[in-house]
Amino acid sequence: MRAAIAGASGYAGGELLRLLLGHPDVEIGALTAASSAGTRLGAHQPHLPSLADRVIEQTTPQALAGHDVVFLALPHGQSAAVAAELGDGTLVVDCGADFRLASAEEWTAFYGGVHAGTWPYGLPELPGQREILRGARRIAVPGCYPTAATLALFPAFAAGLAEPDVVVVAASGTSGAGRAPKAHLLGSEVMGSVGAYGVGGVHRHTPEMEQNLSAVAGRPVRVSFTPTLAPMSRGILATCTAPAASGTTPAAVREAYEAAVKDEPFLHLLPEGVWPATAMTVGANTAVLQVALDQRAGRIVAVVAVDNLTKGTAGGAIQSANLALGLPEELGLPTNGVAP
Amino acid sequence: MRAAIAGASGYAGGELLRLLLGHPDVEIGALTAASSAGTRLGAHQPHLPSLADRVIEQTTPQALAGHDVVFLALPHGQSAAVAAELGDGTLVVDCGADFRLASAEEWTAFYGGVHAGTWPYGLPELPGQREILRGARRIAVPGCYPTAATLALFPAFAAGLAEPDVVVVAASGTSGAGRAPKAHLLGSEVMGSVGAYGVGGVHRHTPEMEQNLSAVAGRPVRVSFTPTLAPMSRGILATCTAPAASGTTPAAVREAYEAAVKDEPFLHLLPEGVWPATAMTVGANTAVLQVALDQRAGRIVAVVAVDNLTKGTAGGAIQSANLALGLPEELGLPTNGVAP
Amino acid sequence: MRAAIAGASGYAGGELLRLLLGHPDVEIGALTAASSAGTRLGAHQPHLPSLADRVIEQTTPQALAGHDVVFLALPHGQSAAVAAELGDGTLVVDCGADFRLASAEEWTAFYGGVHAGTWPYGLPELPGQREILRGARRIAVPGCYPTAATLALFPAFAAGLAEPDVVVVAASGTSGAGRAPKAHLLGSEVMGSVGAYGVGGVHRHTPEMEQNLSAVAGRPVRVSFTPTLAPMSRGILATCTAPAASGTTPAAVREAYEAAVKDEPFLHLLPEGVWPATAMTVGANTAVLQVALDQRAGRIVAVVAVDNLTKGTAGGAIQSANLALGLPEELGLPTNGVAP
Amino acid sequence: MRAAIAGASGYAGGELLRLLLGHPDVEIGALTAASSAGTRLGAHQPHLPSLADRVIEQTTPQALAGHDVVFLALPHGQSAAVAAELGDGTLVVDCGADFRLASAEEWTAFYGGVHAGTWPYGLPELPGQREILRGARRIAVPGCYPTAATLALFPAFAAGLAEPDVVVVAASGTSGAGRAPKAHLLGSEVMGSVGAYGVGGVHRHTPEMEQNLSAVAGRPVRVSFTPTLAPMSRGILATCTAPAASGTTPAAVREAYEAAVKDEPFLHLLPEGVWPATAMTVGANTAVLQVALDQRAGRIVAVVAVDNLTKGTAGGAIQSANLALGLPEELGLPTNGVAP
């Protein structure tokens, strides 16, 4: 399989390349970008010496043509036009937000402008979703925070143990904010500091979490979501709580989560009493989970750690692409991380 | 005034010393500790060259006698015995947990053992509390997380805008875990990683938050509290949410918070739309606040940043001590922090 | 005394303000800047709530007029024009590089363009320099790296113990690179990484180090200087080595350094065997020193830690300004740092 | 091939396991340790879910018997006894220091006690060393700092361009100091701080650097080595300078380094003017190099970045083991790192 990467000079693009370099069935084809077209990849991804001398091309239909799979890591709003030029025979995997939401109304409310459409949602762990992805030719890769929050809470909602008043507070590494230079993302600003942003129901990942959890719950789930920026490059730790349904026991909660992860290659439920940390997942496609029933407060508390660039973006993209291409789901994806 | 510090070689002790060195009305008397007795302070607090050659004494009643104020920064459970030996004329300020809770039952449930008693609670910003502290001779300094969560939500509860189903998720710097060497606190483990701990209603600061908010609300408030450890030395960022009372408007929320901070020297409400980060408070006794009404999810979301060692421990202790000693509340306490 | 700060929205400006807020004899006057003129200081220096509502003015002669002292924290090359408009009665303290070098030739080689001139060099610890600064009306604040390297090695050269083949390798926090957003200074890039830059004799601080050490040694000193960027916001750790003069003993080295720091309020020589770390100096105007004679390799190795923004810029500026204004040298300057 | 790892619960052991999990020709056999024997690997290496349930055995000859290769990641001084019990048919790769030095006198001077002997030195890039390693049955893995400094300077000495008065200043991540809990390695102490240690010719890696560079130079090379600890978990950045031999030109230096890296799979010389950072190498077995001739100071300055746990320990160990076992040298070793 030949793969092209549009957006090769950014963080998502770099992670796609790192993973695809280790994928036994994929050959790396065109590398494209916008402002960095014409430069060598080594100037942008110096951690990938294998590709240091590869020249980045301009993102055009011509450059992306002739590949089995095209990964798009483009700014929001640009994917539809690019995908339209690629034939139906090409698998197009969009790491952006354009095709994630089913509701055009929610799209417009949170992103502005016109909804481009809805593609199969690339989260194989969602009940029923794996089948939808097999053989798909268009895939919308989930947002990093929705990946985390959905994996944390879907077992509780699927088992009917949680009420739909969800609170998610998540800490993300700075790579989630991208590579464009902005003053508030300078090392001097972020080191030694945790700060909140996008508070009060305005973060764009909110409706995506609600969409996923509502589908699992079979009824509308509301999410109060607060993202925070933490002094680390990679990783999301999401603390996700929901009121426990009446009569829920600790044993029922544990059982629901054990059942949910049992056959999942990339979900890892920790032993009871051990809680996730993002360091457990750096560079891995694994989501590490733990859950407790707070009987005093009457809430289920589920915590998940993922690497926002791996399981949260590029690894999740390749996992879904493997399914779509008929390859083993785990191919080329590390289960184990880099620590300390 | 002469001040003694018991526990001078730890992080809270070091911060007490840093602040007292800049306090115009306090002279630093005895420095005591346990295992580091007999060594020089410079070996433990190399950032305080002014005191580098001072020898640390063993923590004994004799060493602590003859001071106007004694600050205790001791492991939990040791303060009662020390305080009993100090006369009623001495102001004793306990940075530990021994005297924070009013409920002996809660004490035993969360800390084990027998409740030592209840001292005036050193959070002057709590309605009515400033008067209690004036002239007090025993003060229980609040826990760092309860300081943060209480300051974040007391305006909402005082104004009757919040329902008592509170969710607090807080990130703390590692100094909150103290200076005793433990493998999970090694730099190699904590750098680049955010992790949860004490999840599910088991953290000892939970009943203290409930005690404070229930007092303000005038009815029982339940708190689901999840602490996380973030890769920074100092700082707490607490995201605190509660269901909005029926009919609550954004304007009412803003008004309640503006009223609550108006005359408070150490509460700083940010302009609307700007959210706290811990870097705004390093080394300062200031709590930086912001609040929003998430109308979609029906919750008030308040975020607060404090320096866990300053406003969260040593600064809060000195603020209350100033009141007890009849000094201006702000004396010797920096309003402004060190950044970047 | 009324002080104006030009460049109030940058890192050096912020540190000047933090320190001047605690200076008993200085009142803060005009705050000026270029692109952030018209905005409030709180938007740029959120750690300084005392000044949050102050409006930043455009940097003009009119705005800066009428102050006793004007601190310039401007991009290189802009100070001369501003200073020319301020009368000789005003103390002008330039935190930039324009007036540091005595050699016009070296200036042009390293900075390009025409040399603006030479002002009294604001490093009071240099032998004889304190007298020059008393009553001065123009001061050139040293560069942060030259401050560190000069303080580390001047005792050895002054005592004739070192040969002039100096190697300096220094790690700096990212605030030294300023606040303008650049991709390589993003938190994602700098966290978890130490990198070299400006290697091979090209860094502009090289001739300044040579100028200082040559003056002390009384003969030309050559410096091989390599700066590195470390994942911290503040601090410089400089490792400075020079061949030991023939017959140099460890005792002679220790003696020279003890003599050099004896009457210096901001030099702190650690006990033998204890080595500096930048955490010992955060927010303090102190330089922490240690030295050893490596008899195997025949070199003196001196290590110094300073806070690049305090002793390395703003604190050093105020220290020299105190001298120039006839105030006690230490006024308003913290000896003790913020740690951990 | 079956591999056993002694010291599986430490940082070097964890990195060996991470890499061996991706090695196509190696099956992981016994995992042994001392105090953590009897516990599950997941409690110590939570980033390796693939092995979470494997039980750690006590390090005994019986546990290590019957493997094709045994990797020892033990405290210094313990390897000789373990190796003596393993037959000559077993490849024993010692990640400790016991067998690195040829000189028994240097050993005793720097490590104390009796020299255990000398094994083939596992740095294939050293001229002639690759041949020595093919078919070896005992390998001494180089120290992390000597790996860095030797790779930085061997091209210059091999080409006769450098004089033997070397100065090395290196920054290391904290994982190099191991996993045993010590107060000065706490996150609170190391975050935001760079500090020196082992200064003045006393660090144990000094004679190892001298041994390597002297062998390449064909005459005694003296090294002034200063290690520093930087706030990152992984990585070494070593700045290595030596006086340039008379008549050395920039072109000659560049040529020497280009020639040295040409056929080396794990040496990557950056384009001129681009300097190494440790983030370029995280998790990779690659050493990233750059060099300049400082004509002003008359010194060659070479900078190298390596991951201390990968190329500096576990990756270097596997690279040499591949040679010894007759496998392709690069098997199972990532050339590309994880960034940002």
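Things worth noting here:
Chains: A, B, C and D, in written order; residue numbering restarts at 1 for each.
Just so we're on the same page, a residue touches a chain if its C-beta (ideal position, glycine included) is under 8 Å from a C-beta of that chain, and two chains touch if they have at least 3 such contacts.
What you see is a predicted model; the values in this text were computed from it and never measured.
Two chain pairs, B-C and A-C, are weighed by contacting C-beta pairs, with B-C ahead.
Placing every chain at the mean of its C-alpha atoms, the farthest one from chain B is found to be D. If you average the Cα atoms of chain B and of chain C, the two centres end up 35 Å apart. With each centre defined as the average position of its C-alpha atoms, the distance from chain A to chain C rounds to 45 Å. Counting partner chains per residue, chain C has residues 11, 173, 175, 186, 188-189, 191-192, 231-234, 277, 279, 282, 340 touching two or more of them. Remark: chain A residues 165, 167, 169, 171, 186, 188-189, 191-197, 199-201, 206, 222-224, 226, 228-235, 237, 239, 241, 243, 275-279, 282, 290, 292-299, 301, 303, 305, 340 touch chain B in the complex. Chain B contributes residues 11, 173-175, 177, 179-183, 185-192, 231-233 to its touches with chain D in the complex. Only residues 11, 14, 18, 21-22, 42-43, 45-52, 175, 191-192, 233-234, 268, 270-271, 274, 277, 279-284, 286, 288, 334-340 of chain B touch chain C when the two sit together in their complex.
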